[in-house]
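Questions regarding the structure given below will be posed in turn.
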């Protein structure tokens, strides 16, 4: 009976995450709360290429998510990093910054980040 | 195979949470540690009506739990908010304060808060 | 030689805070970064009256700031709470929720919150 | 369908945690990132007896993990505390310090810590 | 004009901290908020000798304060550790646990902890 | 009499920060605690160029420091970013990621980051 602390991520788990995320985001946005909806729109724009390219911004999002220890956010940015062409070496160097800045409490999240990365195939 | 990051809350899950919480609280209180037991008693008194009514205090407990990203605490206060007559609009405005103060890392917890609210029925 | 951990707040300190905050906000907004500027605008709207009145929203902002231990944010909301007619009893009940949720590490921030409140006069 | 917020820990769950932890640690170390590997080695040395004995260091690791609310870290140190001969009274006093310092948001983690302790048998 | 991020602690600074702390604690307790006053009383009892001696409890309080990065709390426990006969080696080993668990963001607080320790004289 | 929450950074303040940091780092390293000294060495290596260049790593260190709200760490990485040729636009985009991920509680730290950047001259 897996819980988040020790489940071996599978493609099924990743797919389930996507579906729940999508369904709840829709329910939240349909509520029509102005502040919430603007925040969600802003969140999307944050990672668009500008002075920094999209790949670098995803690495920034990943390390910020890791040190704040948000598994869902880490999963999201791991997927986006892969889409932006981040290599496995670059992933590990990004995780290493988070590990040193945020300490050993980031290790469980790092394990899940690496497991998610593996789940994406390659 | 759901984990906490993407499970679709069901009445069964909420009931299981209640049972585990109740069983462990009993085991902890039975231990008889003075500091722990007084803290638990104090925790209960914190949300009693005073200069502020019980509903407002539950909203305060909810937003504090959201920005500190404690899912169990959020679930507890979502249930209590419903009991105190909080409306769906008031729920979303409270969540919106937490979202802006605490940032996008609160979003996964917001999703689960809204899912829990839905689980409570109409 | 005071530092933030033990300074006795004075009207002068509060005024200096206001000036630095105002000057830097202007410099930041003048930069013209779209995401930053929209976030600042959104931050302002978050506390406007809606289903919840402005006073309740300020209490929510205060308790969220206290448990996240952001002194500047606490100062800002203490000032706003006073403007919205929050009483000293209501202030203390709000702080008490933050204290129990966030623990003894919030106490130094609570001390400064109460000192700021006193600084605002009667 | 249990998630981490309310699962009743079982020996099976603890074993699954150990296996996932072991497998991912191996995958991470095999990557050969110098900073990551040195951090992992350093993490191990941190709890070796010195001026403070190993038992005291495990209590320090446990309380730090509790206030930072890292369930995996709490589980790890609960197991190590048992191995170092920590008594149930000492466990509860350590948890009580974390509870008062870190507030009611540590309670869900305390519940799981006590459940894990029980899972280790008598 | 030093701020808390880089001031060289002096006996004067430590004395000023004590005075502000004492004055504000009195003002807070005089308010007569039941929850707040009970929390303050509980906070005092947390560190009394029990199954663990007072010295060990102060080390627990110190490491919890360090990883949560509360300078005032660190200062308080550094003073109490000295009173309980903690040696400099034991101080550093306690700080080292906090450093590895909490990461490089604890370093500025570690610097101030060591400076405070030095300020207490030999 | 400024405290860290509202001081206008000056070259003098930045110099004082450097001196205190240097003096305390020396005192800490001279203690000879193996774990602490290895951590400090590791911290230095974390930002060396590898698969990611030094500039990108400094941006990662900056955003991680911002969301964890460590002013000293932010100051350190702001200085290093300037040395690595980060432009003002890149600085603001990095800060914008931290702002959206970490919420409005990062704003006071963002103000001080921008003030420090200005202090470094053009």
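Going by the order they are written in, the chains are A, B, C, D, E and F; count residues from 1 in each one.
The working rule: contacts are C-beta pairs under 8 Å (C-beta built on N, C-alpha and C of every residue); 3 or more make two chains touch, one makes a residue touch a chain.
On a predicted model such as this, the values are computed, not experimentally measured, just so you know.
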* Asked: If you take the mean of the Cα atoms for each chain, which one ends up farthest from chain F?
  -> B
* Asked: Does B-F or A-F have more contacting C-beta pairs?
  -> A-F
* **Computed distance of Cα centres, chain E from chain C, in Å** => 25
* For chain B and chain E, what's the span in angstrom between their mean Cα positions? -> 31
* Got the chain C residues that touch at least 2 other chains? -> 2-4, 7, 35, 39, 42-43, 46, 65, 67-68, 73, 89, 92-93, 96, 99-102, 104-105
* Touching chain A in the complex: which residues of chain E? -> 67, 99-106
* Taking the complex as given, what residues does chain E use to touch chain B? -> 34-35, 38-39, 42, 45-46
* Footprint of chain E on chain F - complex, ascending -> 1-4, 7, 10, 12-13, 16-17, 19-21, 23-25, 27-28, 31, 33, 35-36, 39-40, 43, 65, 68, 70-73, 75
* Asked: If you look only at chain D, which of its residues touch chain E in the complex?
  -> 42-43, 46-47, 50-52, 56-57, 59-61, 63-68, 73, 87, 89-90, 92-94, 96-98, 100-102
* Structure fact -> Residue positions on chain E within touch of chain F in the complex are 1-8, 69, 88-89, 92-93, 95-96, 99-100, 104-105, 107-108, 110-112, 114-115, 118
